[in-house]
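Look for subunit A in each of the two complexes below; its partner is subunit B in the first and subunit C in the second.
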Partner chain A sequence: MKKESKFLDYIKIILVEIVAFFLFLFFLKIESIWIVIAAILLAILIYFLSKIYKEKFRALIELFSRYQNFAIGVLFILLIIYPFISPLIITHSTYWMLILIQTGIYIMIALGLNFQLGSTGMMNLATAAFYGIGAYTAGLLALKLGWTALLTIPLGGLAAAFAGLLLVIPIYRTKGHYLALVTLAFGFMLVLAADNIEIIGGPQGLKNIPPVNIFGYNFLTEIGSLHFYTNYYYLVLAILGITIFIFARLFNSWIGLTSAYIRDDEPAAKGCGININLRKLLVFVFGNFFMGVAGAIYAHMIGFISPPNFQFAQSLLIVAIVIIGGMDNILGVIVAAILLVVFPEKLRVVTEYRIFLYGILLVVTLILRPRGILPFGPRKYDSSILKFARKGGS
Partner chain B sequence: MAEEKKVIFYTEDIEMRFGGLYALKNINIKIYENEILGMIGPNGSGKTTFFNVITGFYKPTKGRFYFMGEDLTGKEPYEITRKGISRTYQISRLCLDLTILDNILIGTYPVQKSGYSDAIFNRKKLIKEVKKHTERAVHLLNIFNPDLIEKLFVPVRSLPHIDRRRVEICRAMIAEPKLILLDEPSAGMNADETKELMDDIEKVRKEMENVTIMIIEHDMKVISSVSERVIALNFGQVIAEGTYEEVSHNKEVIEAYLGKEVANG
Partner chain C sequence: MSSTSIFLQIIFNGAMLGIQYSLIAVGFSLFFGVLDVINFAHGDIFMLGAFVSLTLINVTGLLNTSGATYVFLLILVIILSMIIVGGLGVFFERIVVKPVSKGPTLMSLVATLGLGIAIREAVRLFYPRGSETKRFPELLVKLFPGKEAIEFKGIILRYDNLLILAVGIIVVILLALYINKTKMGLTIRAVAQDAEAASMMGVNKNLIIDVTFFIGSALAALAGFMNGLYYNSIIFDMGAMAGIVGFSAAVIGGLGNIYGAIVGGFLFAMVESLSAALIPRGSEFMTVIAFAVVILFLVFRPSGILGERAYERV
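Entry: the complex of A and B
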């Protein structure tokens, strides 16, 4: 009896995910702007339906959170088969794959920022600059020294982390929003510097950065009839999976708790014995690492980087993703990244007004859901803690 | 009597000046091990400032203070907390959007052993630790208000004032400090709640037999019922010290309070 209902639950999850997956694919397929707008209206309709059928909707969410690992597993399988299915449905599947990879890279950066801003309350307005440090480090190491991506990618991350360390140490003693100002200035300075330093290419940037080549497997190799981007798709999927795994574990740990306390009430956190400065330093450096890694992957994939790729507008996009997604919520960040990166591609007619669109989205979310689409929920640490507490602690 | 007891904490000529204002002046106070010490004084007499100084939030402009024989002057709040002094705040400082459990567990910070790598790679160790502290949190909640146990994963925001205060007291207790400082725990409570709170303080005492408690209070009922010894402050200076009977009959103390009432009237 019980086994049967569990089986049914699994089937339900699989069905819901497959339907969502194909809806997404068809959304990518449609070309006409009017149908896109119709689809957006449909999404809004679904949103209101979810308000009306609250109970059913809640039961569905409950189902997914109960079998969280299973649901994530199914999603991963769908994402793994995506490259093989999408050419059958979508006309410009290579282009959309590139967009999805780009989305994955943005999610990584945004998760790094979410750890700083969402979890700990540290504003970082130079995410694009740190991403750029990762990209330039990897690009230079690969170009000038011929190092393998196995080294350049982690070193790109470390370089961004180290830059973060140098930036945060001097502002230990300052309070409030200085960090936002300092990172803002740093971002501008860095782009300016990259523009003017000849050995790193100046305004021309770095060209012909070699592709990832791991254990003799060149990422320019096509997989059957699939574009070579597919290699990077899987690389980003794998690294993103690890990133999500790490940040989910950190959220459900003392680290996540300590960070949240620093974010919500710094004096109280001090009074609980927390060395605020040290904690903030670690959080900043750790978050930056992932931005650097993302930049390194990007550099290898595109093969060409230049200062405009890392401008303030990019940082702003990342901040918008974290704020719209919901502070300190990994799923929220992912949803917002898809919303802000994939959807505008559909509205190419309005590409020029993209920043305007972000602004509107930001304002609308702040009015409708001031704490983001999916604000953080209770920290559960582990299912065993939850069970223990449910039993009334005996 | 009290003189036979061991001094756990003492200050030497503490002075705290804000510009031209002496919030504390020539403060020489001893706290004996295992006692419940009350501190009274009119508004603005420097009581909270005293707590802020000895927990490292303010650096005194003069003087030193010692805890268990160690000079803690100039130390940061986190260092002082780790030595075994914990506190609550006059205006309660909880993270309202975090759960009851989180708000208590943060108090275990000084004894937490799992860091980044355990959180990511060694979940067994981390979860074992979380479970141990959660058990303790449940135990403490059970003492004050068993109803709260069912709400472990509910944000503190939804709780009434008195329960928030209890969560704050649990947070201060959970790391087993040697000295607990309570800053006007009855602030903002009605008479019934204040009575419950007095019982709660007795419960703290029962639960942690060796703990020393210092409590700031406006409410004379609370002070007279819970504290074994009382210190009175006025304009940043100690004006009386002794049992509640002695202090409450002290002429200067009466004047300080009457003066205040006259001024307010």
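Entry: the complex of A and C
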């Protein structure tokens, strides 16, 4: 009996995910603006249905959180077969694949920022600049020295991480709005500097950055009839998987817990003996590392980078992803990234009005849901930890 | 030119920018005072000021008049644009800024950034040929027929620039008097200090917030008008940088402090014009240097020049 219900649960999860997956595919397929609007209405309908059938909806969420690993596994398989299915359904599948890769890159940056802003409460408005440092480092190493992507991608991350060290004193001494301004100014300085330094291309940027080439396998090779972007799709998927794994582990570790303590009440955290300065610095450097890695991948994939790619508007987009995602919520960040990166591409049908609508959507979302789409409540620990605590106490 | 006169010229150019930055920064400080919110759409309110006044200039046919009518219409245009943009500021405050200011601080930051994007794009899309750079007429030259500039200790001071500077300084002084000497100013300060206690004393908090946004937005509109006169061209995205510079100026001075915002605005402008003049290739790097100074300031004086030292209640 019990075994059977478990089996049923698995089937349910698989069904829900497959339905969601195909809904997403069809959403990418549609081109008429009216169907896009219909899709938005459908999403709103689902939202209200979830309010009406609260119990059933909660049971479903319960199901997913109980078999979390299984659900993630199924999703991963669906994402792996995506490149093979998409050309059958979507007309411009190459274009959408590029958009999905970009979304993956943004999720990576947003997770880095989520660790800083969501978990530890450190505002960073220079994310695009750190992303740019990664891209420029990888681009320069590959162009001038001909290094392989196996080296340039991690080194791009390290360069971004070490650039964060330049801000060590401001991080020690400022917070809140003031830290926001320091990072904002830092981002502006880097873009303006990149624009005016000729060695790194000035306003023309870097051209013809070689593609990723790992152990003789050139990423420009096409897989059967699939476009070469598929290679990058899998690369980003793999690195993103590792990134999500690391951040999920960090969230559940004592590092995540103490970070949340620093965010919620700094003086109290200090009183408990947490070395706040050191911790903030580590969080900042660690978050920047992933932004740098994302930038390096981008540089290799697109092959051309220039200062306008890394402007303040990009940082804003990433901050919006983290905040709308609900802060300190990895799943929320992923959902928000899809909403804010993929969705505007759909609005491209109304090209002219795209950014305008984007601004209005941002405002309306925040007025309706001031704590983001998926706000994360207090941490819940399951009974095993409580039991452990009780044992320790007795 | 002697070195002193070069120096004076730099100071004068800095002051021209400084008065504009100050007028924007004052808005940031006022809003932060009453609502504890950083209104990142404020730079775009500044841009709206420039566009609304350009529209009014065309509508009133200001350029075809002369003599006393011209002066009268000019003043009317300035005041009308301040009132319209002030009203728009109150409107945006009611529908966006106040609702989101109740949520977490960072949410309001993003919401106002979104509002700024929407305003900027609305101008680009709905203003006739909004994506192009617009020529802003040299209105003040007509007031000084025959003469354009005077020479003072070897530096050239244009009359129209002098007038802009004088008007700006008078407005700033009037604002300081208003905040410090009138009853309304007193209530604004009371709400800024402790909104709850102020409403218990019978202050209509919502009215005060409206008034503050009206004043702040009207000052930004004036700054936008001055910017148009100074550069003779306006464009829909001029507000993005202006907003960030205004915010920097407000922070250098100490958020919530009006005098601080004014000092911060002038300081930022002086650093810009000094580095443009004194450092080789300075004009390309002047904003980089100004931002570097902002960072240094925050490190050594984290709560601004005139800001109160922040103590945390535990």
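The criterion applied here is as follows: the second predicted complex is superposed on the first by the 358 of 394 C-alpha atoms of A that agree within 3 Å, B and C clash if a C-alpha of one lies under 4 Å from a C-alpha of the other, contacts with A are read in each partner's own complex, and residues count from 1 in each chain.
Note that a contact is a pair of C-beta atoms (placed from the backbone, for glycine too) under 8 Å apart; a residue touches a chain by one contact, two chains touch by 3 or more.
On a predicted model such as this, the values are computed, not experimentally measured, just so you know.
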Subunit B versus subunit C as contact partner of A:Ala268, first or second or both or neither: both
Touching partner for A:Arg249 - first (subunit B), second (subunit C), both, neither: first
Contacts of A:Leu257 with subunit B and subunit C, given as first, second, both or neither: first
Which of subunit B and subunit C A:Phe304 touches, first, second, both or neither: neither
Contacts of A:Phe64 with subunit B and subunit C, given as first, second, both or neither: neither
Subunit B versus subunit C as contact partner of A:His177, first or second or both or neither: second
Shared subunit A surface residues [contacts with subunit B and with subunit C]: 267-268
Subunit A to subunit C touching residues, read off their complex: 117, 123, 169-170, 173-174, 176-178, 180-182, 184-186, 188-189, 192-193, 195-196, 266-268, 312, 316, 319-320, 323-324, 327, 352-353, 355-356, 358-363, 366-367, 370-372
Touching residues (chain side subunit A, partner subunit B) in the complex: 246, 249-250, 252-258, 260-261, 264-265, 267-276, 282, 286, 376, 378-382, 384-386, 388-389, 392-393
Sites on subunit B touched by subunit A in the complex: 55, 57, 76-78, 81-82, 86-87, 89, 93-99, 101-102, 105-107, 109-110, 112, 114-116, 118-120, 123, 126-127, 129-131, 134-135, 138-139, 142, 149-150, 152-155, 171, 175
Touching residues on subunit C, where the partner in the complex is subunit A: 38, 96, 99-100, 102-107, 109-111, 113-122, 125, 240, 244, 247-248, 251, 255, 281, 284-285, 287-288, 291-292, 294-295, 298-299, 302-303, 312, 314
